[in-house]
Amino acid sequence: MSDPIITLTTDFGEESAYVAAMKGVILSTNPAARILDLSHLIPPQDAWHAAFFLAEAIPFFPPQAIHVVVVDPGVGTERAVLYVEIESHQLLVPDNGVITLLARNRSATCRRVAEPRYWRPTVSATFHGRDIFAPIAAHLSLGVTPQQLGPSVTDWVQLSLPTPIFQHDGIAGEVLFVDHFGNLLTNLPVDRLPRQAFRLGIETVAGLPAREVQVRPVRTYGEGRAGELLALVSSGGFWEFALPNGNAARRFGVRRGTHLKVINAA
Amino acid sequence: MSDPIITLTTDFGEESAYVAAMKGVILSTNPAARILDLSHLIPPQDAWHAAFFLAEAIPFFPPQAIHVVVVDPGVGTERAVLYVEIESHQLLVPDNGVITLLARNRSATCRRVAEPRYWRPTVSATFHGRDIFAPIAAHLSLGVTPQQLGPSVTDWVQLSLPTPIFQHDGIAGEVLFVDHFGNLLTNLPVDRLPRQAFRLGIETVAGLPAREVQVRPVRTYGEGRAGELLALVSSGGFWEFALPNGNAARRFGVRRGTHLKVINAA
Amino acid sequence: MSDPIITLTTDFGEESAYVAAMKGVILSTNPAARILDLSHLIPPQDAWHAAFFLAEAIPFFPPQAIHVVVVDPGVGTERAVLYVEIESHQLLVPDNGVITLLARNRSATCRRVAEPRYWRPTVSATFHGRDIFAPIAAHLSLGVTPQQLGPSVTDWVQLSLPTPIFQHDGIAGEVLFVDHFGNLLTNLPVDRLPRQAFRLGIETVAGLPAREVQVRPVRTYGEGRAGELLALVSSGGFWEFALPNGNAARRFGVRRGTHLKVINAA
């Protein structure tokens, strides 16, 4: 059997020693652990971004991995640390909604981490990643059972997901996520993606009317022509807008939360 | 024998879950694979940068590593996915020229990936890294042979390399790569590096005459004085310009493609 | 017994192939080595940042890890490469002070790397990370002893640490480190952290009088209110200033070296 896998997803960046310290703590408890970086560039304290990230990444992992997620603006407060099983996946997360998207339409069980025996002897008020999350992950990888971590809970923080609105002249939605290439992942319903070219309204800054852009639905980026905005279903199942060989977010001044409207053909 | 090594080189960044999903897919197929990040900060869709990166990195690896390269603007189009052996090194790459520099002066053989048995059951049109490259790499690490992946091919995309031009009053070349320290790697021929201080012409923005800078050839960065532009042979065998404890690219407004001219002594 | 761990801390970034080449060299010598990235985003040639990073990270690692640190503006000059044991931790570092903080209040022994048998056959003048550090680390992980690397030395470069100054009306110190969240780690003495709200003087740009800001001492970030500057003891034992859910460095225009003054209550 292979050595156990512990993955790390944080907003710590790499300039500071936070991630390195967590790796040290994990290896001090279980020198055989295989540590895998998922990301340390979740935007600082952005639980929503982390939720999106996890939903796109965790389902592809084998069950034996233990996923540690430290995007934790509430560190040092009363927010709980959770051990979560979502289908066969195991995660350690702060209770701030980062599992919202991953747990949607999947069975999940949850425990509140409460047993200090598996923490570092001294727990700093500002760095639970090192003092609670890392040592617990290492202990789990050594065979400590979820039951030993703390009591079962049935309630946890959920982020509210914006829902698309069906209007008489179109569908209004918003940008959920802007990826590294400037592609726009949205909450528009993929089963309503038009088959023909259509007009998309894009919210602009205060006071200006929304601009309208011509969009062509395609199956792949490669079908697009330079400068043309494409609509397609993303690899994660979201309705996505992309500019072939360009950056749609930059071109149209769009960010997470920007409102969009698919305008019905007249 | 050690567990198999699979390296990843992409332009995916770390904010999005692309790399994480690929890691999950690899480990789901071969839980014993050792995944090693080479870079996820290849500039988006920059096959030339990737080509340079691979030429400077891959030769140092032992033969047993499998190198996955996903810098792939053509994803979802008819561009092929290639399995390449360059001397003893094994790579999975999109057929867009990323192996150009690595394959120069080295023997290479190539197969076109065609056997869907080793892919994920559903292949998205936009994310072959997860659905084709990652599972193939994992299968190779488990003993699938290159022959099983698809047919041998003898032709693949080559990027054209700018060649230096020998003129009556000097040698004209250009910047191939600006590294993290702002050092300038060029296509100037290292066997023509002068032994004495010389003048370097540096192209400036439209309409302005090229500026001229005094350059001193040295063997190491450490021989330079503050503010002095040095010429030396880079660790990868390129003719390089560097500013000791400074950033030459920023100082002289140079980027990849900027024309340079080594001016003959009068 | 687990496979040996080699960690990497550099200022190489990820765009260039420097780190990848080092990983290749390590695995070519010891294919079983487990390579762990600590950071490749130490600011270029910033030995002081590296010193701070190491002091916050290395103490958490188990003794069997070998830590390779390449933040090395003096590469190619006469600066030595050192093998250092600090308590049970083993490091390979350039002799430029990066161990200053880690070695403070800890026992340390040191060897100067001098035996080329454990280097790459050709050593470039500009890339000792690949040609000296990486192969030595791999050889150590295979059982080469520190004695075989070179002679013991008792003297190494120390960075000078700014000391706080006790004045009649307060304590003057400075910012040692700005972390990823914009939190300010300082050289102010933690045993003098007031229990009540106090005024902090913050140096401003040339000619302007220092501004004064109200600060509240707390135990955790979570106790703060929006917009309020907090003082607390950092996870690494430094006196730290933080803006809850904000970026103190950006808000107050502070960077490393900015002078601060804790003003005594009148």
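Some points to look at:
Going by the order they are written in, the chains are A, B and C; count residues from 1 in each one.
We adopt the following convention: a contact is a pair of C-beta atoms (placed from the backbone, for glycine too) under 8 Å apart; a residue touches a chain by one contact, two chains touch by 3 or more.
Everything quoted here is computed from the prediction, not taken from an experiment.
Arrangement of the chains shown, judged by which pairs touch: all-to-all, with no pair of chains left without contact. In this entry, subunit A maps onto subunit B through a rotation of 120 degrees when their C-alpha atoms are superposed, rounded to the nearest 5. Computed from the mean C-alpha positions, the centre of subunit B lies at a distance of 30 Å from the centre of subunit C. Residues of subunit A in contact with at least two other chains: 34, 37. Taken in their complex, subunit C has these residues touching subunit A: 2, 5, 7, 9, 34, 36-43, 49, 52-62, 64-65, 179-181, 219-223, 232, 234-236, 245, 247. Interface residues of subunit C, counted against subunit B in their complex, comprise 3, 11-25, 27-28, 31-32, 34-35, 37, 44-45, 73-79, 124-127, 130-131.
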